[in-house]
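Labels for the chains are A, B, C and D, by order of writing; each one numbers its residues from 1.
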Amino acid sequence: MAAIELRGLTKVYPGGVKALDSLDLTVPDGEFFALLGPSGCGKTTLLRTIAGLETATGGAVVIGGRDVTGVQPGGRDIAMVFQDYALFPHMDVSDNIAYPLRIKKVPKAARHAKAAEVGARLGLEQLMDRRPGQLSGGQQQRVALARVMATQAQAFLFDEPLSNLDARLRLEARTFLKKLQRELGVTTVFVTHDQAEALAMADRMAVMEAGHIRQIGTPAEVFQRPANTFVAAFIGSTPMNLLDAVVRGDTLEVAGCKLPVPASAEGLLTEGEKLVYGVRPEYMTYSAQPVDGSLTGGVVILENLGASHLVTLDVAGVLVQAVVPEGHEPALGEQGYAVPRGDRALVYRDGELVTA
Amino acid sequence: MVLRKRSVVAVLAASALGLAGCGQSSGGGGGDAIELTISQNAIAGGKNAAAADHIANWVIPKFEEAQKAKGKDVTVKFVPSGVDDEQYKTKLSLDLKSGKGADVIDIDGIWAGEFAEAGYIKPLAELVGPEADSWDGWQQIPEAVQGLATFEGKKYALPVGTDGRVLYFNKTLFTKAGLPADWQPASWQEILDAAAKLKSSGVPVPIQINAGTAMGEATTMQGVLPLLAGAGGEVQKDGKWTGASQPLKDTLGLYQKIYGGGLGDPKLQQEAKGRDKSFQQFAEGKIGILLEGDYFWRGVVNPKDGVAKMDDRDQVVGYAKIPAIEPGKGIRGQDFVSMSGGALRTVNPNTKHPKEAFELLAFTLSADALKEETKDGNVRITPRSDVNKEILAGEPLLTYISEQVLPLTAYRPPVALYPQVSVALQEATAAVAGGTPADQAAADYQKKLEGLVGGAGNIAS
Amino acid sequence: MAQVTSPPKPAEVVSPAPARRYSSDAAGLGRLRAGAFVAPALALIAVFLVFPALWVIYLGLTNYRLTGAAAAEPQFVGLDNFVKAVTDPEFWDSTWLTFQFVLGSAVIGQVVLGFTLAWMLKDRRGTLKSVVEGLVILAWILPSAVVSFLWVALLDRDAGTLNALLGIPGFAWLLDHPMLSIIIFNTWRGTAFSMMLYGAALGNVPPSHLESARLAGASGWQQLRDVVFPHIRGHILTNLLLISLWTFNDFSPFLLTAGGPDGKSEVLAVHVYKVALQNGDLGYGAAISTVILLINLVVAVFYLRLLRSKK
Amino acid sequence: MTRTWAGRIGFYTLIAVLLAFFTIPLLWLAAAPFTSDPTYEVRMPDFTFENFQTIIEHPYALGSLVNSLILAIGTALLVVVLSALAAYALSRVRIPGRDALLYALLLLSSIITGTAAMVPLFQLAIELGLIDSHTGLILILTGGLLPAAIFMIKDFMDATPKSYEESARVFGASPLQIVRHVVTPVVRPGLATIAVWTIANVWGNFLMPFLLLSDVEKQPAAVIMYTLYTEGGQANLRVLSTFGLLYSVPVVLMYLFVSKKYGFRFHGGIKR
């Protein structure tokens, strides 16, 4: 019973800056939920307001069915991992993990036993009497997680839990974190600015911009059907092609090419309307031979993505990108034909997805 | 005045809360038991240790005993101290101002004026009653010494002792330079001649007369004032201060001859610890002639416990009276001059038991107490002639001072302004030692003096 | 508005809790508790610092003396003491000497030497570090009454250690170069504080920042300027402020030169000592103390401008 | 290669010069007490212990060291605790005019350490009944030292990441618990610095103990040191050097204790 529910949550800083603008959000019990957005979008403020480290200017925070808006952080039955982990530098790992229990007046022996147990679960047995300063970034992260686990709180809040790790470690930690959350089944909200991280780990996610939530959904939904051009541009390791389009009968004219109206927008467009046509490079079929309904242009850039290549075509002065599988990459300068997948192409009107 | 109001409150608070501490007598109420305190700038194991021991080990038990014999229960506590005179004076002033302080206190004779003006001390007759003036000891104290304790015609204290200044010289160096071992110059020129001979015989510092501000009052007492007296001048006479008069110019002129002519070491005069060094150098046979008080003999080159011991003091160190500039040209037409100071002991006006406190005070200056105090090598010149006669017998220098010098001596004016004038005099000597012409330095002094004493009207032309 | 593409489960029943306001500072202190934390210190400061300090300022407006008639009946004299001070060349000489003293021994001597030591010893451990630190701190914690003897012995004209080492017997450091002597003395005496403060402050500079600067090929000086300095700006400000203030009020040169020769090393603190304690002129001494306070105020504002403006 | 070599030579040369600078003045204190007839010259001592004998037999010398300890430790405790609490609150809670107030107090503290303040402090002590008591002196000394201490400690507090406290707070720690468990240990080097600074200040202070304590049995070593001069104000180097050494030892020991126990360095190492 530890769903997190936010109702009309508003945070205005003393200077008048509106960090959160009347947010509504519900994170069901046991969900791994990501708050994603560029820096300054209010995602960290939102997390800190849930934690109680910031007081809400308006609205309510409800955790596990209890309105905790006016409750001190310590009374909300939550636990938090900070971006810098906030491990106490003067305590060894064991004391750090046991600290929440010390506050709860758990006897020394009992809390150290608990610390040892949690530590062992996270592979920290050998490090229990080290100081945080003697640990690697990954080890520090695991200590911070162990400390949170030791609290047995109703909900966990992670603030950029992976940002202090180097790239290699980050991938490992991602998998580890997801597995751990699954096993513990504790409602967890985490903040990240890295869309790949959010997509990889979250059950559901909210994409934020300037104090507003721009889209809430599962990673698949957010990736496949970005609700607006902001989300469309923000999500995805290769940016979505967002191309100006004009409705011409039952086709769209994009960069001088004629493309069929995507399935999602059929019957919703008006003749001559100016729109934005969006399709992810991953959802393009590339061909070296002329194909109908393709975006056609010369290959100007080739980028190796490992198992695939990102091809950039110059289509009448507009750059269009497509992902080409291994073994099919074209040569620079040759003519290419990229066909958007009709069921994945999207149309945006005034920045918002055109959909039934 | 807020200031005054505060101090009144302070006094009230202190007495109301019974927090007068050890500084004030606190017994009295109801019973017969009386508690007295006596303080001096003396402390066992430190400054003036012998005096402190004397009070603690002799005066207190004997006095308590004597009181008991009279049927009075009196206990006395000694409050030691052992700091710079200036710091002692500061503390004492603050205590007295706040209605605190020991019942019997010691002050330097030169402070009498300013303390009296501030109301810190009171005429003894007023405070204690007629027995203060009828104290039998007065008959034994010479008029001049009594003057130390007198301010505006009233006796504020009992004198504790006095001293005198002479020229010390190193007989070994004198012999080497072909000078007599029983040297007694009759004029300043003879001093300069002797110094010149010492110089040519290779003495590093032929003569040292204190100058400059670093030495503080030592410059005035062991330098300017004896010379000024020798030139026929006094720093203050009949209420008027001496400005850039001829005697002052002559005095500064002598400094110029000594320090400008390479007869003295001007650097020694400027060093913060210069006086200590001059003592050490005299003891090491590097200084030919040194103008100092009897303390130099007793406390510095004393072979027993001096700070710059000279094992052969009695053989090597000679002494001579300070001559006037020329015979008969000194103050009062004297051939020889000196300066003296001395401490005073008095009853704290804040005391609850003025009569008993005076008894204690008088007891410390009884013949017996003084004889006891000056035993075992602690001889000094006491205020009492009867005692001096006895105790100085084996002390050639002190006898010499007591018999030959004290009749010639002069005292500083006991007025509040004196310490500041003294600093101005020190600055004048510093300027001369540093190369300023004597007349210029005298003119500068006059200017400064006008600022201090409130205009040229208070300066004798 | 947010577009919810995947509706969550319906909301649970919520028990309404009164929205109590609470503090949002890091530790959840709140003004009230913060006040309680500050109160004991402020109370002591109010009684034993502010009150007597204001009293001193008031004394500066009187002709109060330790002894004499003015001790019994002090008069309010308005700004007379201040007029006397600013028209007294001795006061200005003393002020000028104090500036030399503060600039030479505190701002240049202690700060530079203290920072250099902290920087040199930053990444070191072991005996060398303990020995150097220990000696520097020894100079700082020894009582000034003892230290003054050490320096008189060091700089003595005839038997001094320094002259013996340099082979220049008779060189009168304290007489011919009194300011230089007390500046070097005070540098020796006070460097430890700056060293410790900077040492602690440097420990606060994230090593990763330094490493990345080093990787970027920054020279030692560039590292200092671009990485270290921004991190310890606050400490530098505090350090400069405190040691300037302390040096302004430092009385220990008196123990070495007694302000001499001829007032050539009579810094303001010594001047006040002479005026207030030796001459007993407490009113005038208090007035000079007030002037020192004003000078310190100007210096503090200058430092604040210098170091805060770049934020 | 050559550059690092040059760097090393430069480093050790500089260290050697600095070591000499800080060591040479101390030689006198090491030699004079063991010399039977010390002067200002640093000489090979004849290793006499007579001077120590004199000091040990001195009626007030050893007692004064105990008094110094009481005053120094008492003041240091009070200054550290009060300044830490105040600095923490001031660092974490925005109070209007906070900085101006701190600067004003700091400036006023300079006036109070000057000679001119002796009369107000003396009369204040009398009025409050604090004369002739160690407690009173400790309170007065603390009042004078607090602003600078708050100032210094506040810097350390400001430099401490808030996430430590927030983290503890989310776990339910109360503000006092946060101060005790987290803040104090993290700024411990700063607190140690303040403690040593306070001790050194009190240890050397002459004027205030002298004025406020009349009873010689209560006076600290700084005052007793001044009594070891002669009637004419001459330094008795035999006892002065020896007492100076004994007078220095406790403060050095206190420094070593504090630095060993609490360290002057941050634990460091957390990459931020």
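In this section, contacts are C-beta pairs under 8 Å (C-beta built on N, C-alpha and C of every residue); 3 or more make two chains touch, one makes a residue touch a chain.
Note that the structure is a prediction, hence the values are computed from the model and not measured.
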{"item": "Shared chain contacts [subunit B and subunit D, defined touch]", "value": "C"}
{"item": "Smallest number of contact steps required from subunit A to reach subunit B", "value": "2"}
{"item": "Higher-contact pair (C-beta pairs counted), B-C versus C-D", "value": "C-D"}
{"item": "Farthest-lying chain, centroid of Cα atoms versus that of subunit C", "value": "A"}
{"item": "Whole-Å gap between the CA centroids of subunit A and subunit C", "value": "50"}
{"item": "Centre-of-Cα separation between subunit C and subunit B, whole angstrom", "value": "41"}
{"item": "Where subunit C and subunit D are represented by their mean Cα positions, the distance between them in whole Å", "value": "14"}
{"item": "Whole-Å separation of chain centres (CA-atom averages), subunit A against subunit D", "value": "54"}
{"item": "Residues of subunit C touching at least two other chains", "value": "26, 28, 59, 64, 66, 152, 277"}
{"item": "Two or more partner chains touched - positions in subunit A", "value": "53, 72-74"}
{"item": "Contacts with two or more other chains, residues of subunit B listed in rising order", "value": "87, 90, 94, 273"}
{"item": "Parts of subunit C lying in touch with subunit D, wherever the complex brings them together", "value": "23, 25-31, 33-35, 37-38, 40-42, 44-45, 47-53, 55-57, 59-60, 64, 66, 113, 116-117, 120, 128, 131-133, 135-147, 149-154, 156, 158-162, 164-165, 188, 193, 196-197, 199-201, 203-204, 206-208, 234-235, 238, 241-242, 245-246, 248-249, 251, 269, 272-273, 276-277, 282, 285-286, 288-290, 292-293, 296-297, 300, 304"}
{"item": "In the complex, subunit D residues that touch subunit C", "value": "11, 14-15, 18-19, 21-29, 32, 39-42, 82-83, 85-86, 88-90, 92-95, 103, 105-121, 124, 128, 139-140, 142-144, 146-148, 150-152, 155-156, 158-159, 162, 165-166, 168-169, 175, 178-179, 183, 189-190, 193, 196-197, 199-200, 203-204, 206, 221-222, 225-226, 235, 237, 240-241, 244-245, 247-248, 251-252, 255, 259, 264-266, 268-269, 271-272"}
{"item": "In the complex, subunit A residues that touch subunit D", "value": "51-53, 72-76, 78-80, 82-91, 99-100, 102-104, 131-134, 137, 140, 151, 164"}
{"item": "Subunit D residues touching subunit A - in the complex, by the definition given at the top", "value": "161, 163-164, 166-174, 177, 181-182, 185-186, 188, 266-272"}
{"item": "List of subunit D residues in touch with subunit B within their complex", "value": "39, 57-61, 118-119, 122-123, 126-129, 131-132, 207, 210-211, 214-216, 223-224, 226-236"}
